[in-house]
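By letter and in written order, the chains are A, B and C; residue numbering begins at 1 in each of them.
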Amino acid sequence: MQRIGDAPAVRRLLITAAVLLAALFLLLPLVAIFAQAFARGVDVFWANITNTYTLAAIQLTLVIAVLTIPVCLVFGVALAWLVTRFRFPGRRILQTLIDIPFAVSPVVAGLVYLLLYGRTGWLGSWLDGHDIQLMFAWPGILMVTIFVTCPFVARELIPLMQAQGSREEEAAVTLGAPGWTIFRRVTLPNIRWALLYGVILTNARAVGEFGAVSVVSGAIRGQTNTLPLHLEQLYQDYNTVGAFASASLLALIALLTLVAKASLEWRAARREDHA
Amino acid sequence: MSIRLHAIGKHFGKTQALEPVDLDIAEGELVGLLGPSGSGKTTLLRIIAGLETADREPGGRILFGERDVTHLHVRDRRIGFVFQHYALFRHMTVFDNVAFGLTVMPRKQRPSSGEIRSRVHRLLEMVKLEHMAQRYPAQLSGGQQQRVSLARALALRPDVLLLDEPFGALDAKVRQELRRWLRHLHDELNFTSLFVTHDQEEALELSDRVVVMSDGRIEQIDTPDVLYRRPANRFVFEFLGDVNHLEGSVRNGVLTCGDARLAVDLADGPEELLLRPHEVELAEKPAAHAHMPVTVTAISPVGAEVRVELAADWLGEPWLATIRHADYERLALARGVRLYALPRHWHRFPAERDHQPSKTVATTS
Amino acid sequence: MSTRSFAIGLGSTPKRVLPGFGLSLGISLTFVSLMLLLPMTGLFGQLAGLSLAEYWTIITNDRVVASYVVTIGAAAVAAIVNAAFGLLLAWVLVRYEFPGKRLLDALMDLPFALPTAVAGITLATLYASNGWMGRLLEPLGLQVAYTWVGIALAMAFTSIPFVVRTVQPVLEDMPHEMDEAALTLGASDITGFRRVILPHLWPALVTGTGLAFVRSLGEFGAIIFIAGNMPYETEITALMIFVRLQEYDYAGASAIASVVLFASLALLLVINIWQGRFIKRLHGGHG
């Protein structure tokens, strides 16, 4: 087959350029993270990881992620079901609204929560009167994390469920299946991989969010420091190895995310081949 | 310009898509490449165009007239190519699509923009789309898009026009119309054309000669008339129309199959005879040479002839007979009516795929 | 058809065959109101406390304006570089087969998966004068860390997947007949690319580059470490908001944030409308 750009010389030149640039621009930073983390050996790395403050940051980060995922999951599935299975006025607007967190700068996202729930905000002052503090505490971190991660599951599901259409579910209705059974037995098997990928993306962003969280956290060591905030502090304190030790943990999660994505795509491609 | 191929074959990996073939097409001829999917016809066309490279075999050559184009890049072969799905450039207007080949010529050979404009308009006139010049392809019907595609291919005045299933994506009526129109255009402009199709009717109606292919081989090259009357082998016979099978054993000049009997001039032994639907006559009584009781199971009186489906205990698969409307009325056909089939002709291809001429026999009645 | 489905057809909610409308609508609306819309009221409440003149003074403050210039300039450079680099990567990933292709493909998502703060400290360390890259580039007179070049680099890093992942599927779906039609009509590789392939990819390329640009405007974590954050010189607008917050100047922070917010939303809207028009022309519709 003859295609444009097929000449061996052109092909070699472009592949070389792309691979070199990608290696320099994307792969080198990845290597650098681990090189820096282990720059003073495994012992120093381990000491940095098992440091009380680091452990506290890991714990808080995990708790936030574990709490964020189910909320995003329920919302994502509900929204995807709503906009792909029903026509109703305002459907398009709802679909546009869900993209706001992607468009908004994370700092702005943190700010709007701070303005509302902080001591000066109308809701915050009322909460303050009842001794409830959301900002500069873990609930605030959780809230902004949910804000920045909420589109991921829905964005994975909507195109897929739109493409699949509702014929199978309609068939299930004519066969007399109740609503929950239809979802569990008919819809879920079709969307489970997209759902899983949405959760993986949600998790990656939840553990890594920095801008929004740094506005509302207050960054109190051992209390409201997530892992990204913790590594920032270490970096500002010129503890580079410590910062990169924490960074390497986050980079590892990123790598696992990439592996998961690649294998899910591979699985999907293989299924298409068999179809 | 004539097209001559010598020992052109093609492998995709380990599978052989095309056995080395020879093919001569005379200047001004309109030739159809006919075959089922996977027969290698599109591969052959694309090799001629230069879109695929033939296997490197000693002696493998492609000649356009006296010009050896075997190793010439597609862009230098001066062919016009029409794609099945039109392959129009969607972001260009109809005018720009047709003008494309002229505007990408090297500056020295390129006609002036005024010349390009008048040439494109003449082409659009020829395909009857001059009023659509500023439209985008998405705004045209399939038939119109294919005409634009043809005008685009002709803009460079190619010596050779190659068409890959040009009407395959169109509905039946538009297809008919475009077929006639292509034939007309071909006769008027007198280029050499080669087109691929899987539709026997299209190939037989449109071509001066038809190349029938299967499994990467050329089975027969002949005029439509010869092809239909004297198929070279069983594959060609079966591919060119509906076929009724009659299997049985011959003894003393009579083929017996269940309670059916047919006088044949063949040696004793098992036999399989093939019959076209129009070679089966229907009668109320058996004839001397044939006793073949059948029952009518379906009737379709649409078109110039009536198609009648016949079943019988001695038949594995039902037969199809086409009869005139007059006979249909005379016989008072209806579903369930019992009649006798009288073969007028039959065909026989003893050893499959050995390229021996077939035996076609008119039964004496 | 069963009596049951017949009953559904005549039921109290006649048009909706599938169940769960009320439940999914309830969850979605509650979530959108509480998590997305309600917080916005905080911003508008804060802005409402400002007079127009005060608002104007805040958002046209010299230091803030300098931050717009730095942010927009660096984001524009990053977007243009990404358009070229992203197109190259998408092309190579779609059109060619070579060892390590799947690895390269997977690597494209790294900037999305890697936390921005991690990217930030890594780039800052790599391009500092004693870092792996800084040591090579500084003798050549190219200072990356603590200059706007560093800001552009960090922006380019975080937004490259937008271009690659937008262009890639369009290039994949492009039928090979497009190439072949151009070649049979005598086009050279360069002409064919410029006149046939590039126009085909154009909507996706512009959209991807636009999304990359919008993302760069709001990026924070990846930039602040490498930027140096010198007022008037290497201070981005997102950091300005942060600085105002640390000064407890909530009104100032809100005003600047509103500029960023509206700029991003307006850009997204423009991209969407433009894309819609282009697609309409390519896929039918008259005019």
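Convention: contacts are C-beta pairs under 8 Å (C-beta built on N, C-alpha and C of every residue); 3 or more make two chains touch, one makes a residue touch a chain.
Everything numeric in this text was worked out from a predicted model, so none of it was measured.
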Q) So which has more C-beta pairs touching, A-C or A-B? A) A-C
Q. Going by C-alpha centres, which chain is most central here?
A. C
(Q) What's the distance between the Cα centroids of chain B and chain C, rounded to whole Å? (A) 53
Q) How many Å are there between the centre of chain A and the centre of chain B, using C-alpha atoms for each centre? A) 57
Q: Please report how many Å separate the Cα centroid of chain A from that of chain C, as a whole number.
A: 16
**Q.** Residue numbers of chain C (touch at least two other chains)
**A.** 180, 182-183, 192, 196
Q) Hey, what residues on chain B touch two or more of the other chains? A) 51, 73-74
**Q.** Interface hub residues of chain A, defined as touching at least two other chains
**A.** 1-2
Q. Residues of chain A touching chain B in their complex?
A. 1-2
Q: Spell out the residues on chain B that touch chain C in their complex, using ranges where they run on.
A: 49, 51, 73-76, 79-81, 83, 85, 87-92, 100-101, 104-105, 136, 138-139, 152-153, 155-156
Q | chain A contact footprint on chain B (complex, rising order) | A | 50-52, 73-74
(Q) Going by the contact rule set out above, which residues of chain A touch chain C in the complex? (A) 1-5, 7, 10-11, 14-15, 17-19, 21-22, 25-30, 32-33, 36, 74-75, 78-79, 81-82, 85-86, 88, 94, 97-101, 103-108, 111-118, 120-123, 143, 146-147, 150, 166, 169-170, 173-176, 178-179, 182-183, 201, 204, 207-211, 214-215, 228-229, 231-232, 235, 240, 243-244, 247, 250-251, 253-255, 257-259, 261-262
(Q) Give the list of chain C residues in touch with chain B in this complex. (A) 175, 177-178, 180-188, 191-192, 195-196, 199-200, 202, 281-286
